[in-house]
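Okay, got some structures for you below.
What follows is a pair of complexes built around subunit A, which joins subunit B in one and subunit C in the other.
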Partner chain A sequence: MSEFVINTKNLTRDYGENRALDNVNLEIEKGRVVALLGPNGAGKTTFLRLLMGLIEPTEGESFILRSPSRNMAESVVSKIGYMGDTDEPPRWSTIRDLMKLQAAVSGDFDRDFFMRSVEKRELSVKRSYGSLSKGQKKWIRAGLVLAGKPAVLLLDEPAEGLDPSARQDLYDELRDYVTDKEATAIVATHIISDIERIADDAAVIDHGRLITYAELEDLREQVREIQMSEMEKVIDFPNEIEILGGKSSGGTKLLWVRCREQERQKLEKLLGQKATIRTVSLETFYLALTEHNSNKRDAELKEIKK
Partner chain B sequence: MYLHLDYQSGEAIYRQIVEQIKYKIASGELKPTEQLPSIRELAKMLKINPRTVVKAYEELQSGGLVVRRQGQGVFIRDGQAAVPVQTRNKLLQEMARRMLAEASRLGASEEQVKDVFDNVMKQMRSGK
Partner chain C sequence: MKIRISLLKILFRQTLPATLIALPVGCFYVLLTKQVLSWRNPWMALFVLVHSIAIAVMSGRYRSKTFAFLYTRGFTRDELWCNKMLNTTFSVLTVWLPVALIIWLPIRSAVQDKLFVSPYFPIMMMREASVPWVWLGGYAILLPLFHYVWIRRAQPLRGGSGVILLAISVVIVIGILMLFRRHPLWFRFLIYVLSTVMIAASLIAGRILHRNLEVQ
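Our next item is the complex of A and B:
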């Protein structure tokens, strides 16, 4: 049926009155590292927990390796490496205990890999989990997940609390793993700068809704920042050009747009000397998307386009 | 082969790879017939998806800068002026700009730079 490793259809989840996830449709191919981005409380954790079948959807459904999250086949469960944001092992268990436990669960456990990763942070396997710092805990849990050789990785804020070099190490390990094993990973985070280096796709969630799902390379090719003077008359943007956001300050207008190269060339001609068009980092793009919530954004955009 | 990827620039990664390899060919750091790293090697080196490397290599291939030999790998194309005129001009301009900036830091005038340049060219020609 589906060639996708992960797919969701109209996936929706309410908590009482509050819609935490709103009609999310997502299809992820094998071999991809997907950065699941969004502000805190956007619905990232809910999304991963739904995929894992830890909570039930209010509407819609999701599949991992064609198996439904609601009733996942044992054979599929054992192929998933899940690292939740809050689900912690007991404080008193030692790193060695955790390793033995994981080895028993995952059948094919790479002990050498795990020991190397423990040594990399100069930790001893005799240490109890509770005695570790927040970052060390994340490191150990990520190491356990990777050593279990999963085909699918679902990681919720795996690098939180790690120092910059450890964050880089962790994401490098993840990238190498995915490339070597042709695995598939979703990494939820609200910090873009670390993940954008190794990720292939970005899925941006805001207020429970999936507002962008695209290849990072495509975004790099297509998203541009237009800077022009407040004094400039408004031009009519061709319809093919998607306006993502904008702001206005100090006599300068900034506008973020997404379009294909052909349309960009048209735009360049249209704007001529009146404006500067430049590439933007993913961070800028993300902020343009999420800084304003949708209603406010539309109102502001009208203002800016005037 | 060392490549540096700049994620802040917002420039597509495959384009950065293409540009840097072009530069290395133009500057002579990569020599004709030299083999490029395999797709996998480069992907792992740069921590990127192998498909991005494939895209970069395909672009270089369609530009005639590299050739792909079945089962052997990707090589810098032999013979002919592999460096497109545009790239070469761009590189020369960059070199000139750097040299002039350096010269002005030394307090040399444009005229002095031109004179020195002419003299060095003469010396090199007669030396040959």
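Our next item is the complex of A and C:
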């Protein structure tokens, strides 16, 4: 039987009259790295904060390592590595202070790993947190989280503000860590090309709703981009083929569809020479799902089908 | 629940501005006041009140980034609460103890004798010896209450202004009690009992609330 490390049931959170997260049900198995994708304000941060138990759900519940988020057992809370976008150490604290703080709570804190990561950025442990650049701050916080050897990682835009080389280093460290320790991670990010290298699954949230949660490999296999001329007449797609989105520009129509291998063959036969069918990157898939809001997308689909 | 020195260090640093201001103010006031100090001294009562508010506010910024950071390190809520209360005690003692020692040693009477040639200096230490304990009692009553009120008002719960009114009422009652020089023995006993109940209730309510507080 699969072991679910993270489990949410109808997780909902309202801020006043605004529903930030709407009925999210998710089960994440041990050792999975989940890319949490969605546009700004989609509900990613709220989702991670609910999982961490920082805020109370309006409805539903969430569990990490079978412990309810809002009342986590002592043995569980120290096994979670969290890096949010609204938490920062005091400006006056030195890197050494932060190392001691994290080491106090993470019984298995890897000082050598942390010191290596500090030296990698040519920093000194005597430096105060406030004197660091935005990228250096992110690097130090990520180093603290990974050195704490958590079983579960909840990371909200961990690479934001890092230069490309540091970003790559961070994701390499993250990949090595989750592989070695069989840790489970949820990484909310906008930089899809980076996370694509390390994620096993993708969860897309838009307007507080979980639109899709699937293995990345499946998504790559199933999602296709169809490019055809705008002059092409209306194509009657079989019902099994799910149209995710599309756009029309410069005399070319682009459609993103989701189908299984058998249906893909049908599709190829149906379209013949009229169109080109390609596999898509996660970024394209994500854009197909979230670029347009549902009304706009429906309207554009009608237009393209015409 | 464990005492975490590294966490205490950060919490103590948060309340340090209040400590650094209160320490010299308290010491100089006690050294330089010529009248014999009593538990009814309004300036020291105001000092205890303002110092308590400052500690509660500085250690309870629940919307600050630092708080979110501390609450996501892996400490349990109870650990955080316990260390916060411990830090409150340290912050108070850092100010209260030097002030009390100035009275008890007796540095105050010596200074009053040599510098100000105060006629009261021979009786000062004897008459003022119990006064620091009253100030400490004031901290013990006000701080758990202010901590609770400050957490409570920052939470998205109903009745936020109600708890502020409660704190104001307690301060007014203490102020009224201070207006009267002598209280009957039974009334003093009643005050002690009520104060103990209020301290215990504030601590318990604060701890329960702290377990459920939302960190923004």
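FYI, the second predicted complex is superposed on the first by the 304 of 306 C-alpha atoms of A that agree within 3 Å, B and C clash if a C-alpha of one lies under 4 Å from a C-alpha of the other, contacts with A are read in each partner's own complex, and residues count from 1 in each chain.
One rule holds for everything that comes next: contacts are C-beta pairs under 8 Å (C-beta built on N, C-alpha and C of every residue); 3 or more make two chains touch, one makes a residue touch a chain.
Remember, predicted model here, so these are calculated numbers, not experimental data.
Colleague: Contacts for A:V77 in the overlay, against subunit B (first) and subunit C (second): which applies, first, second, both or neither?
Modeller: Touch status of A:V77: second partner only.
Colleague: Between subunit B and subunit C, point out the one touching more subunit A residues.
Modeller: C
Colleague: So, A:E196: does it touch subunit B (first), subunit C (second), both, or neither?
Modeller: The first partner, subunit B, only.
Colleague: In the overlaid three-chain picture, which partner chain does A:T179 touch, first (subunit B) or second (subunit C), both, or neither?
Modeller: first
Colleague: Look at A:L282 in the shared chain and tell me whether it touches subunit B only, subunit C only, both, or neither; answer first, second, both or neither.
Modeller: In the superposed model, A:L282 contacts subunit B only, not subunit C.
Colleague: Between subunit B (first) and subunit C (second), which does A:T86 come into contact with in this model arrangement: first, second, both, or neither?
Modeller: A:T86 contacts subunit C only, not subunit B.
Colleague: Would you sort A:L162 into first (subunit B), second (subunit C), both or neither based on which partner it touches?
Modeller: After superposition on chain A, A:L162 lies in contact with neither partner.
Colleague: Tell me the contact category for A:L101 with respect to subunit B and subunit C: first, second, both or neither.
Modeller: A:L101 contacts subunit C only, not subunit B.
Colleague: Name the contact category of A:I28: first (subunit B only), second (subunit C only), both, or neither.
Modeller: In the superposition, A:I28 touches no partner, neither subunit B nor subunit C.
Colleague: If you lay the two complexes on top of each other, which residues of subunit A touch subunit B in one and subunit C in the other?
Modeller: none
Colleague: Which residues of subunit C touch subunit A in their complex?
Modeller: Result: residues 4-7, 9-10, 13-14, 65-66, 68-69, 71-76, 211-212, 214-216 of subunit C touch subunit A.
Colleague: Sort out for me which residues of subunit A touch subunit C in the complex.
Modeller: Going through subunit A, the ones touching subunit C are 52, 54-56, 70-72, 74, 77-80, 82-84, 86-90, 92-93, 97, 100-106, 148, 150.
Colleague: What residues of subunit B sit close enough to touch subunit A in their complex?
Modeller: Of all residues in subunit B, those touching subunit A are 5, 7-14, 40, 43-44, 47-52, 55.
Colleague: In the complex of these two chains, what residues of subunit A are touching subunit B?
Modeller: 31-33, 171-172, 175-176, 179, 193, 196-198, 200, 216-217, 220-221, 223, 278-282, 284
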